[in-house]
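You will see chain A twice below: alongside chain B first, and alongside chain C after that.
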Partner chain A sequence: MKTKFFGLIGSAWGQRITFFAAIMIVMAIFQPVFFSWSNLLSILFAIAIYGIMACGMLFVVLVGGIDFSIGSMAALSACIALTFTSHNAYSDGSVIIAILISLSVAIVVGVIHGLFDAVLKLPAFVVTLATQYMLYSLADMHIGSKYVHLTDTNNLYYAIGNLKVFSIPMPVIIFIVFAAITAFVLTKTTFGRRLYAAGGNRRAASLVGINTKLYTVCAYIICAVAAAISGIVLSSMNLTASYVTARGYEGTVMMAVVVGGVNIMGGQGSVSGVIFGALLVGVLNNVIILLGISTDYSELVQGVVIVAAVALNVYGATKKRRII
Partner chain B sequence: MRSEEIVLRAEGIRKQFNGIEVLKGVDLEIRAGEVNALMGENGAGKSTIIKIISGVYEKDAGQIYIGGKAVEIKTRQDARRYGISVIYQELSLVPSLTVTENIFLGQEIMRRGLPDRRAMKNRVCALIDTYGFDLKENALVGSLGMAKRQMTEILKALSQDAKLLIMDEPTSALSAAETEKLFETMNGLTARGASVLYISHRLEEIYRMADRLTVMRDGSVVGILDKTEITPEKVTTMMIGRELKQTQKRSVRRSDSQCLEVKNLSYKKLLTDISFCAYGGEILGIGGLVGSGRTELIHCIYGSAKKSGGSITLRGKPLSGRVRRNIKNGFGLVPEDRRSEGFFAVLPVERNINIASYDFLSAFGAFVKRRQEIANAENAIDKYDVRPAMRNIPVENLSGGNQQKVVLGRWLSRDLNVLLLDEPTAGVDVGVKADLYSYIRELADNGAIVIMVSSDLEELTNVSDRILVVREGKIFAELTGGEATQTAVLLASSGIREAEGDAE
Partner chain C sequence: MNNKLARKLITLALIVIIALIFGATTKSFYTLRNFQMLLREAAFIGLISLGVSFVIIGGCIDLSSGGIICFSGIVCARLAQMGAPGVVVLLGAVVAGCLCGAINGFCITKLKINDFVTTLASGYVFSGITLFLMFRDARGRIESPLIRSESFLVFGKHINGFYYITIAWIALAVIVYLVQSRTRFGLHVVSMGSSEKSSAMSGVPIGRLKFLTFVLCGAFCGLAAVFTVSYQATTYPNLGGGMGFQAVAACVIGGVVLGGGKGDATGAVFGSVFLVLILNGIYKYGLSTAWQYFIQGGIILIAIFFDALFGSLSQKRLELLSHADEIGTGGETLNAK
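For the complex of A and B:
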């Protein structure tokens, strides 16, 4: 009985649940306002944006890569989509077309990242860090001013970020749908099976007939598109986009992925883990604000929690009994 | 420069691992200024004795004498202090540093608390001059070829006043020209009175370089030959011992219609004009030395290496050059290096077994049929006795033998026409080996074509029905029936035909 209990605590989910329980108790004592509907809703909003990006990032990390350009990808696609929704010389203001243009740009970026990683074999870390700056610059050049605003609040674009269905906000629905699709692709399709294999051991994967280059490129495309979607959702929520939209999100998303137990070397990780990671990061940000911890310390607290979570993951992994 | 002075003498060295005696009282004697070659089959105990001399393992019994004095070598530092250095196969150099920096890494000559670059440079230049090496002291190690990297390693040893250098198959990664260079280096060493303990599988190198040859078998030294006494027959007989002829005669039902034909195959500069047929029902063994092109041959057939010329046909139809297409047509490959090419360490057993079979484990090639997937994996685990019999644990948590069962099970759970095996039982314990052989034999008995590359002579001769020996990218010999003895394979690998008994 006793070993079973400790077994649960020792398992990844046991730790996660324990962790959340601890946060809940602390909040219940010090800041019951945490549990108010409006606060929970604001957490959900944040998690939705991080969560969509993290699901995309999951594909790339599973295949053994990394993408640091997702924040700027979100900014660029938000800027592109928003400018094309307003009537001007290039556009009749069709929201669908604007979004499609924006997502096409993301696909192109994903293909470029994928080719750099899979074909030219340059370190993804460096390549995506470089494209991060390039995409910010492109976003800036594209809008040609500091901000672009969403003026028409009656169109589809406004609905993406602000509509509620059965009082559930649209961004949350988009996140849930995206996560569900990700989970389906990763666990129920041959694409998912082969993606894990390609990330687990590229050479072995190619020896069982998997086109690892193709899978790598696909992963980067999915990641860029996820970033673009979250950028569009974010700009709709904020009614504005600029080249600082989603700035720095890649760090938060990486935290969510790592805290979610995804193996940064590839081949290991799950959607449920990543959702947990996004939840943790979202809740943590919120808790820090509610507890009145000054922003000077908030990043410190985040860092400590991340290291603790990762240490727990690694420690848990090495402790696993070796079965001969 | 050979003298009768003895640098190192080992007496009655014994070593056990998990109750299995690996060294059964080994005596070894190395004289000053000689190249002493050490030969023996895989598992004869060569590496173990080296590791004991160099302080990696501790011996269970016996005594080592250096320069006539009894010494205890307990750590690598001890060995280094007594002037023993090992030139490792995976070189331990830092590519981004220069030759000099590598040589003095961790033992820099200091002056006023700072590394004295000039002193170190002078020391290295002096060493290079003394031994006549063709090496620049300020070259970046990363820009050097394998031979020069080995020279650097050797210099590093010499800078620590090594009297005995141990080289474990140093030529396996070298080209012919680089091998020449290494031999020159070795001659330079012995001319200056240093000794070399040289381990190699290549008979021709031994004839050329060795002053004396020590042959090991099953954990003991079975003979010491002087340079003039070294002949291929003597060496192979000593290495193999009395060869047990196969008692039970296998009835091979070879089906000539099921035929994989390789014609005039060439691959880069590694394979030239290879032609042979492999038939259903038989296990075709491929022997030869590491680096002779055996592995490349297998990969050309499988489609994972692109042949430069020639044709490969199965039942008269040319093969696809694509792995995926070939797998669909019933091909399977168990690659040489399990860990880096065979299995997916972090993925569960189940995924490792099923990964090549989604052509029939999915609907429309896209959606996984979960129930069949589980059934397929559990079936393979059960049939091939993978232990522990759990489909959800990562393969990295299994023992080597069970990992290989998983890799083999991946292919055997499919309808196979052709199974290609490259060192199928490397690092697998004896019990599991027998299991693996029986699975392979069963597959052949069911009419599949099996081609098996192996360096393990016993395995090669006992398991295969027919053996091709590859040497320097060509098929040197085909051995069938009674000819297919370990001696014949070993001689053919070194370019000697048993009937004639002459070197090529």
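For the complex of A and C:
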């Protein structure tokens, strides 16, 4: 009985279900408001934003890289998309063109990151940290003021963040579609399998004939585009964008990825894990606010939960090894 | 010329070139006062990156140094406000730093959690704990009272313009250099960073060493916090914000390679001088903050680009040399025959 119980705790899904059951019980006792539709909806919004970014980040972490610039990428793309949606000297206000421009900027940024990592072999950690500074300042220079607002609430851009299809909000649908595509690409296509191979052992993969450089660049492009999409969704939800949009999100997204059991050294990880990570981070933020814990301590709680979650993961892994 | 020396000279040359450019294009760069301030700021990042260099050379990474500084800073302020003598405050902050480092080391060596994840999360934890300890007014808002303890404020003073933090930094850099290149502990850390597996097989106590590098890193952060809190005579929740990343960036720029086994204290020193020099010079131009960040990011990129370029060049040179050796020995044997 005892070994069975620990086996369940050790398994990844056992942990995840136990954890959520614990949160549900605590919230049911202390704050039933947690289960109200409007609260669940606000959690879903947060999860959608973090989740899209985390799915993109998953690609980069799988090939053994890391991208700290996603928060600033989201800010830049939101600023670009929002300025081009309004009628001005440069634009006739076409929403689709505005979004395409913003996504192509993201692709350029992704290519640059990828080339720095794959061809020049610079440490991705420092490179993306440096580009993080640069992207924030580009966003700042681009809008030239503190904020851009979405004034026209009658167009497609407004719909991205606020439309509801069968009472499911649009950001959540975008997240689900994005996650589904990610899962499909990673598990069912040659591209996905080779991505895992390239991340697991770059040298072995290239000896087998996989163009690891190409896959690394692709991973960075996908990550930057995912960040850009979530930036656009976020700005549409908030009806505003500035260079502080999504500031510091990279830390939260990293947590989601790590808690989801993705190996930070590359080659291991799944979309379901990352979605769980995003769920956990979103729910945790909400719980902290609802329980009336001062926001000062939210970082402390997040940090402790992450260390605990990862320690449990490692504990489970060592248990399994001992049994074998 | 040997490769390691050439690598250092290149960083040094970059520093000199940038200093010359800033000096020629701005008015107040070549002033004694500016150099004193520059060295004081470099000493703050420099002390941290000395500690971080131990961890990186040992093959790990520490991103939590910002959080440790934050925590040691409030320990400093609390002790000083209680009227503890300066030396006790200094020891208290260093012990607090060591404690944080020990927590990191415990999670990494005993619980076997990835170092990157541990220190990213523990950085949040340390700055979170700091908020519990912060001074608060009657309505619970955070306030930053001035510290008046004379014996503590001594640490922020200077002799003939040389701040104590600068003197401590240079002295410690020399000591760290000697420790890393001349002592058994230092050489063990380098070998651990080069290959953990083979050093473990040759009897190097990996777990204990790794733990020690994190504790040392914490101690250096505590020391940096003492001097800075004393200079500013107060502390605030954002003390050390972003320092974790900057210290690592300084190390990497100075040639302390992420992944371990390469680089030494001089690299950490040059790297931090380089970073602070850029910030100082950009500030002098009076550009908007957007441009400041842009240029700072760009220059970091260029610096590591040069580093990588040099790395690949010296690799090629080594290969060429080894080929030349083969040809040379071939020729000699022929002659002998």
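Observations
Operating definition for what follows: the second predicted complex is superposed on the first by the 315 of 324 C-alpha atoms of A that agree within 3 Å, B and C clash if a C-alpha of one lies under 4 Å from a C-alpha of the other, contacts with A are read in each partner's own complex, and residues count from 1 in each chain.
In this section, contacts are C-beta pairs under 8 Å (C-beta built on N, C-alpha and C of every residue); 3 or more make two chains touch, one makes a residue touch a chain.
These numbers come from a predicted model, not from an experiment.
In the three-chain model built by superposing on chain A, chain B clashes with chain C. Judged by the touch definition given at the top, the superposed model places A:306 against chain C, while chain B stays out of reach. Legend: residue contacts after superposition of the two complexes on their common chain; A:297 is shown touching chain C, with no touch to chain B. Applying the stated contact rule after C-alpha superposition, one finds that A:136 touches chain C and leaves chain B untouched. Of the two partner chains placed by the overlay, neither chain B nor chain C lies in contact with A:35.
Residue contacts after overlaying the shared chain place A:123 against chain C, while chain B stays out of touching range. Once the two complexes are overlaid on the shared chain, A:255 sits against chain C while remaining clear of chain B. Once the two complexes are overlaid on the shared chain, A:264 sits against chain C while remaining clear of chain B.
Comparing chain C and chain B on the residues of chain A they touch gives the larger count to C. Overlap of the chain B and chain C interfaces on chain A: residues 265.
Across the complex, chain A is touched by residues 107, 111-114, 116-118, 120-125, 127-129, 131-132, 142, 245, 248-249, 252, 258, 288-294, 296-298, 300-301, 304-305, 307-308, 312 of chain C.
Across the complex, chain C is touched by residues 116, 120-123, 125-127, 129-134, 136-138, 140-141, 243, 251, 254-255, 258, 264-265, 296-297, 299-304, 306-307, 310-311, 314, 318 of chain A. Within the complex, the chain A residues that touch chain B are 187-194, 196-197, 200-201, 203-211, 263, 265, 267-268, 320, 322-324.
On the chain B side of its complex with chain A, the touching residues are 302, 304, 322-324, 326-328, 333, 335, 340-347, 351, 354-356, 358, 362, 365-368, 370, 388, 393, 397-399, 410.
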